Each structure stands twice: as C-alpha cells, then as structure tokens.
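For reference, chains read A, B, C and D in written order, and residue numbers begin at 1 within each chain.
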C-alpha cells in the first residue's frame, strides 16, 4: 500500500495522503503511549501488590493517562530565569522528533510500513542516536546541576551502549546479508533469530534497555540520585515531550526487537498463519513490552561507573565474539 | 589530563533520597565528591527545651515524634530513665507487653529501612513488599495502643493498655508469616547481582573507626563488635530470652544490610518466646504516685533502639518536671561519620552510603 | 505567655492547697516531700499546727526558690494562714514582728519550762543552725542569720527562742534542699551523696524541729526528745562539716555505705580513682561517687583545668581504656554550667560518667573531639543550645539553629528573640 | 545472573497474589476500638476540674466553667470548651485523666479543612461528634 504510494507522482494529493497517514500513525503511537503507560502502571501495581490506577475511567483506570496528559498540557509553562531559553525550548523537540522519525522504517506487517529502506536498520540506529543531543541540550540549558549531571550521564550512557547494540545486530546482518528490515523478517521464515543468535539477543536486550533509559539503566534521570536528571527543570508539556519520546522509543525498540529476533509478523508455527500478521506482531511486541516492565519492577539501579564498565568490558567483547563466531560458522556452513 | 572544575551541589533538604529534611553540601568534581558537609536542624523542634516545662507523662507523646519509625523504643527509654531514678519495679505483664511492642517496632523499623534503602538503589518493589508486612505490624500496634505511629503507649511504671483479647495470638500468628516473607526478601534482593555490586565494599570503615565515631547499633555490629545492650546490659526482661546478636565483619553497606535482616529474625525469636511466656494475668501498671516526681539527682540510661544506642539523661530537682532532659539520639551520632565516608565517592554511592547508615531525621534533629 | 503563667499559677495553687489540706489531715504520704516527716499520731492540736506550719514554711521556701519568687512568696504563706492557724503560721514565719505577737499568745502555755538545760540546747541548736546555714546559700544564710539574731534578742523567753530557731532551721534546711544541687556543688563538694546526706540531715532537722515545737507547745518535756533533737542537730552539723571537708580535700569517704550495701560498681570506682590519683595526682578530681539513681554508674567530677587531661587518660590508659563516647551534653545549672560525658569501654565493658563544672559567664572548656571523633556533633549541639565553647574543636558551629540564631535556648534564662517585637 | 532470574520469578509470582490494599475513601478504614481519633465531649458529664487542660502537652484545650444554675447543687458546669486541632496531637492524655469520662476518643480522624479557623472545634461541635465512639476508655 505504502509501497505504491512511494512510487507515485509527487503532488498535493499524495502529500495529503502521506500527511494523513502520518497523523494516523502519530495517533496510533500516542494511543499506544497512553496505554503503555497505563499498562506499565498496572503491571507494576500488580507485581507490587497494589491495584494501580483505578479511579479515572472505570475499574481499570482506562482514562488515567489521558487525564494525566491533559493535566500536563494545561499546566503552567515554567522556564527558569537563568536557563538558556532558546535551547531550553528546543531541547524537548530535539528529543522527541527522532523518536517519531524512526517509526517510519519499522515494518509492522508485510504491507504496513511507511518507508521500506534498504538500510532500515542503519537508519533506525543513526536517527535514534540524535535523541541524546536533546537530552544533553535540555540538561545543559536548564542551568541546574542535577540536570547537567543527568545530561552528561545520558550522553555517556548512550554512546557506550549504542556500540554493543549495533555490534549485536551485526550477527543478524551477517546471516541475512541485508540491512533491510523486511528482508530480515523474511529470513526468519523457518527459524527466528533468537534461536540462531541467542547471545546477540541477550546483548541486544540489555543494550536496548540501556538505550531506553529504563531501570536498571535509568541513570540519566535516576530519581534517587539526581532528583529527575535532565528533566529536573522541565514541567508541563515540555516535560511531557520528553516522557513521550521515552515511551515512543519503547514502542520503537520493542518493535525492532520483534522484527530482528522474534520473526516480526510471522506466525509462531506455519499452520497458525490464518491469524493475521498484525496480531502476531502485536503479540510478540506485547511480550517484549511486558519484559521491559517486568525488569523495571524487579531490579535495582546499576551504578554509573559499573554501567560503563559493563558496557565496554562485558557487552562489547561478547558482541564482538558473537560476530566472529557467526562469521566462522557461516563460512563453515558455506563450505559444505 | 582534562582540566576540571569543582562545583557545589546541594543535596537536600528536599531531595528524594535524604530521608527527610537532611541537607548535604557537596563539593564535586564531575560525579566524584571532594568534600561533603552535612547540614542538619531543619526538623529541630526543641524537644528537650519543651520537656523542661512538662510533666514526665506529658513528655511521652513528644518522644513518639523523635524516632517516628520506632516510637516504642523512645517511649521506653524515657519511662525507663524515670523508673530507674524512682526505683520502680514494673509488673511482669507490663514488661512483656513492652518487649513485644518494642520488638514489633524493631521489625517494622528494619522493614522500613529495607524498603527505603532498596528504593534509594532504584528498586521500587521491595518498598511495597516491606510495607505490606509493616502495615500488619502497625495494625497490631494500633490495636494495642490506639495509634499507628505515635503510640504514646508506655507510662512510667507500666503501659497504658492491656493487650486486647486475642492480640497475643495474632502476634504469634504473625511471626511465622514474617519468617516466610523474609525468605522472599532474600530471594528478591539479597542474591541480586546488581544490588550486590551497589553495596559490597561501599562505605567501609573499621571497628576502631566505628567506636571512635560513637557509632552504635547495626552500624557498629557490621564491623564485628558483638555488642547489643539487650544482651550485654539487659534491661527490662531481655535476659529471659534466647537470641543471638548478629555480627558481620565487613564494615560496609553489605554487612549492615545483612546485620539488619538478621536482626529481624532475632527479633522474631524474641517475640516468639515472649508470646509463649506471656503471663496469663497481672498488673500492667506499678503503684506509682499520681504525679510523678523523680528524686533529686541525675540519671543516664541507654537501651538498644533499631538504630542503635538510644539514651535518656534526666537531671531532676525533685519536681514533677525534669530540670534537664537529654536524649542520646543514635541517628545523630551515627550520622557523624558520613563526611568521612563520602570523601572520594560518587553521587550514586552517596545514596547507598547514606541509606545504609539508616537515619531518621526526626531523631537527628531532636 | 501570660496564659502559660496562669496555668502555672493554677497548678501551683492546686498543689499548695492539696498539700495544706493533706497536712491538716496529717496524711503525710500524699506528697513526695511529706514522706520524710514522721509526725507522731498522739500529737495534740497545737503540736500539729506547729509542725504543719514548719512544714508549710519549708514547702513555701522550696517553692519560692524554684519559681517566680514574688508570687509564690505571697501566695503560699497565705495558704498557710488559711489552714494552719495564725499563731502557728506566725511562728513559722519567724519574723521579729510575728515573734512579738506570738510571744504574747504563747506565754501562758509554756512559761514554766525555762530551765538552764533548755538554754544550753538552744545554744547548741543555734550553733548547728549556723553551720547549716553556712552550707546553705548566701541568701538563705543572710535570712537565717537575721532570724537567729531576732531569736537571740528574745533571750527572756527560751521557748520562744527555741521555737524561732527551729523554724529558722527548718527554713534553712528547706532552702538548702531546694538549692542543694546548685549551691552545694558550687561550694565545691556535692553530688548525689552529698545531696543525700543533706536530705537526710534536713529530714532529721525537720523532725527535730517538730519535736522541739511539740516540747514547747505541749510541754511533753521528755528528755529523750531533747536528746534526739540534739543528736539530729549534731548529725546535721556533722553532715555539713563532712560536705565541707569533702569539698576542701576531696578525700572524704562519704559513701552511702552506712545505709546501703556498697554498689557492685564500687570496686571499679575505687580502681579508677586509684589509677587517676597515682598517675595524675590527687587534685584532678573534685569529687567522685557512685550514682545510685543511674544504675550505679561510677561518676567522676573533674576540675575544669584537668578535664582534657583526664579524658585523654581515661581513653588511653590501659587499665581504663574508655574507647567509646556514648553521650556528651551540657546542662545549665544557673550557678554554673556542667558538661556530662558518658564513656564506655568495650574492652572492659564498663561505663563511667565524667562531669565537669564550668563558669556560666564564660563557659569554655576543652573539646574532646581530638580524642573521640564522636564528640564532634554533640559538642556543636552543646555550643548551639547552651553556648558552651569548646576549645580546639575543628568546626564548632550552630548545628541545629543556624548561625543567625539569637540566644542559647537551653539556658534557663533564655528569652526567645523575635525581630518583630 | 541467577540472582536476577530469581528476583524476576519472585515478582512474577506476586503478579497474581492477593492485594493487601483497601479502597480507602470508598470503604471505611477498619480501625480498632482503641484508635485515637477526634474527641467527643459530653458537657453534662463535665465537672470543670481542669485536669484535661492541665495534662495537655500542647495546651490545645481551653475551657471555662460557670456556677451551677441550680443553686441547690454545688460545683460548676462547663461553659465553653474548645480544642485547637491545629496543635492537638491526639495523645489521649485528656481522656486518660478525665475522672468522669466526659471527654473520650472516637474513631473519626478526618480533620482536613480549607481554613485553619475551622480547626478550632467548640463545645457544640465536639458534642455532636458522636459517631464511632470508643467503647472502652480506661485500661
């Protein structure tokens, strides 16, 4: 569907169609974020022996996040007097825009995809790295020491963990010989990469949690140490933008994990293929999201220096070894 | 080398991890602390000055508000001081009620510490697990004394209320339940590698330093000093119970963690025995004059609170108000070592170290 | 503030009333103070009155010393007047004018009894009273002396004289009791034991006063009574003398051994004192005793000059080894400041309390922080709340209230400073 | 890694465990009889002995009495009785000293008001506060 549109003539109508689809995707993502937050609160609540939100929107608190967002939107927009005003204002935008940009390349099903880039994976990783700039900018512009520390931590953490993340994926790229996400999914027709590349999966999972700034790697905004990290001075909708970026990334990263390791929209067994691909995707995606929430409610936070050490001294070598091993095995397989 | 610049960072008094209104002025280089200066007094209510105009019974509610996490021990130390001066023999039943209340309070206090410490380290769930059990203890104490936190339960010469019907049984039922949950705590946290990395070797000091800095309680026992006033200078009826004094010799946050969790188990042991031995009947209040007047002179008693050695000094001139009342507040003394421990540590470790000291700001500021 | 005062007053009135009523009914056990009395059941009304008056007077004085003096002074005698009869009250007051009035009233009762023997007793008593007064405060002393002079003036009537002396003595004893801690300590030799000795002496003196009154009013005339009174007076004098001697020499063994078996900690105290005397000389300690009120903790009172030296000794001496500072705080005793240090030895599992008295106007003392790091904050606290300056403290600051706070709240004369007022 | 896995298992198990929370504003909190809530005052029982005002550690009770209207009877009756709940710490000492149980505790504890003035509760208010009264008042 989108494929045809991409090859169609440029014009007002097509622009309109694209714009409309983008808006629809935005709404879908916002809807996801709304309920991801709710799901997170509910699951964490249940794991912690409490109910979670249950006041606004019936027993399940279905409108709780909506109410929260509304509250944030109508909140007074405060900008600290000594903050660097232009940067302070632009930082949430820098933080949020890439999060939405990466959504374009993710294939939700074989048909539903906005941009079937041949370098989809590379595009994702490259664009997602931009968010760090938003965090550092926000932290610096706030003119707050906690925010600055948070921003610096974010930068250090992102740089450290982007590398193992990419390295772990290299194994898959070696196996498929392509950076195109559609082709990666297609390559999992018989067996998912989680089985072929278990080490890569673990490295990728850890690195992705770190990329998402979630517990146990939520150092940039670790409440107990840095109050709220780089978002300390932000409030209202600016703060909401950062939060939104975080949850959109969660959406994107869970999608990417699904695509790379869990076979995307492919059914679990081929005889189950009467179930639409979108449902399969959603199921696998939910499992990943649940895993992230589960981690959050279980683990304590790692320390900054240990985080660095772990990233460079453990994850990177493991990822490298995995690439090496994959290459050898692939060559050996080719021999026969 | 890069040229770096020191900056001043204010941690608190409204920082999430300072457990109240505690403030630390840090000189940091990057995230490394060069110098830490604690600032206290934000919660100073002048209990000791207020007490000079109050009768002994009237002071008891004020003691509730010092260490508000284990108010029973605070109640006790004041009553114990007055009783020591007046040479009052407290009835046996009252002593048992006091011990049960205090040990329940100790378990509750350590649970709060455990939960908040893990929260400081970024784990959110332990707090809620700990508070579920603590809630049960608080409900028990609520049934006994009529309040959830500020019990105002003990009186000079005994206690205010007798145990309600079936209360001792409820306490006895709670003990095995708590033991079961304690196993869960160990499963969830004690073996967790991330947690171990956060506490092992952090905030380390030696036995000599601990003694020199007047540390007490778990902060002292974590260095291998086997000293517990309940055991070594038995007050009340603690000499009737068989329990151990948990000791570790690491002197770091990990040792303190282990000591505190082990202390919960020992407290449960005491509770178990106290419930068994609980006398079927008896007075709960000794024969004391209606208006309590400590004899002229002075007394200093110390007992073991969950946070360490809590003491009470009374100088009396024979009137119904103390001439001078002074509490030795363990948190206040324990906190002194903090600047030394923080030197050269990172901000993440600051939280870990401060949490492991286990302070209650109401007690620090008095 | 005024509401508080009213309340105080109400409480005081209620207490005074209760006490007077109790006395009138001869139920001496109602109040703590009253239990020291041992009034004979067979006393007749006059005796009762006299005793009640003496006691009421003593109570009034004690109260007077303690609280707002003017108010209490006017109030309590008034209460006495109401309850004990005017005559007895006048005797208790022991003013010259009152004496004159009283003389006229009581002459009929006790005129016959004026032998030389009585005079002798009276003289002895006077001497004893003088001694007691010497031990008591300057104020009390002056008052008592005036009264003694007044009493001596009435050489004509021995009974009256004796009575007046008895009253004066009771008053002096009460005063001494009320201010025992503060003043006796200032005089330089008190503490729990002294106080005790004094309390006993005072109680005895009171009993003697009662006996004397009985003798004068009823004419029971028993020589035993007199002998008792003399003995009591002597005991008191001896106690005072002992206290003085102790103050001067610091070597008197005024342990409460005469009535209680020695404390289990007595050997420890002896050991500490011995070691200290051997190593630091005998003039380091001002006093030492076992504090029976405080779980028999050995207590040392050190002279301010030797405070740091002794503390250092206590920490580093092998036999003492007090390595743990459990508590340090100050107290304002109005006449002086006191720093109380509770030390503990993990090696010997023994406690010791170390006290030092310092000048209230210039409260300065050495810091113990160089010895025990744990003394750091407690000393700051003492500085903050009491204004005691600790020399050589590395960082003496107002730890609780902040540097801009005016005044030292735990001092007894502290008035809150309000910028707006 | 094993410790992490154990922890994950523990939290997963708790997912389905019974929740100890209660729906507080919708369901009343179960409180024991001894619970110390806002005082209930019986003007007819009060003998104006002032003991409660004297024992109060925070001096939050103010009361005045007047002569008994019936000249045949001795004593006083209560005229005004105010508790300042800004400073009342609900310590229970007033009920402990009351010789006639004229002031007793209830299980009501919700005291939040929009204005501080409303925290001054007078005799009428305290008299009307007659729900969830404590049954046993003296040990």
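One rule holds in what follows: a residue touches a chain if its C-beta (ideal position, glycine included) is under 8 Å from a C-beta of that chain, and two chains touch if they have at least 3 such contacts.
Note that the coordinates shown come from a computational prediction; the quantities given were computed from them, not determined experimentally.
Peer 1: Give me the ID of the chain with the smallest distance between its Cα centroid and the all-protein Cα centroid.
Peer 2: Of all chains shown, the one whose C-alpha centre lies nearest the global C-alpha mean is B.
Peer 1: Of the other chains, whose C-alpha centre is the longest way from the centre of chain A?
Peer 2: C
Peer 1: Just the number, please: Cα centre separation of chain A and chain D in whole Å.
Peer 2: 53
Peer 1: What's the distance between the Cα centroids of chain A and chain B, rounded to whole Å?
Peer 2: Here the centre of chain B sits 44 Å away from the centre of chain A.
Peer 1: Between chain B and chain D, what's the gap in Å when you average each chain's C-alpha atoms?
Peer 2: Between these chains, centre-to-centre, one finds 27 Å.
Peer 1: Spell out, as numbers or ranges, the residues of chain C touching 2 or more other chains.
Peer 2: Chain C, residues with two or more chain partners: 4.
Peer 1: Hey, what residues on chain A touch two or more of the other chains?
Peer 2: Expected reply: 47-50, 297-299.
Peer 1: Which residues belonging to chain D are in contact with no fewer than two other chains?
Peer 2: Only 4, 7, 10-11, 14, 20 qualify.
Peer 1: Could you list, by residue number, the parts of chain A that touch chain D in their complex?
Peer 2: Interface residues on chain A, with respect to chain D: 43, 46-51, 294-295, 297-299.
Peer 1: Inside the complex, what are the residues of chain D that reach chain B?
Peer 2: 1-4, 6-7, 9-11, 14, 20, 31-36, 55-57, 89-93, 96, 105, 139
Peer 1: With touch defined as at the start, can you tell me which chain B residues reach chain C in the complex?
Peer 2: Listed in rising order, the residues of chain B that touch chain C are 40-41, 44, 46, 48-49, 53, 84-85, 209, 211-215, 225, 227, 232, 289, 293, 295-302, 309, 311, 313, 315, 317-319, 323-324, 326, 328, 332-333, 335-337, 365-366.
Peer 1: So in the complex, which bits of chain C are touching chain B?
Peer 2: Chain C reaches chain B through residues 4, 32-33, 66, 178, 180-181, 192, 195, 199, 291, 293-295, 297, 323-327, 329, 331-332, 340, 342, 346, 349, 353, 372-378, 381, 385, 399-402, 409-410, 414.
Peer 1: Can you name the residues of chain D that touch chain A in the complex?
Peer 2: 4, 7-8, 10-12, 14-21
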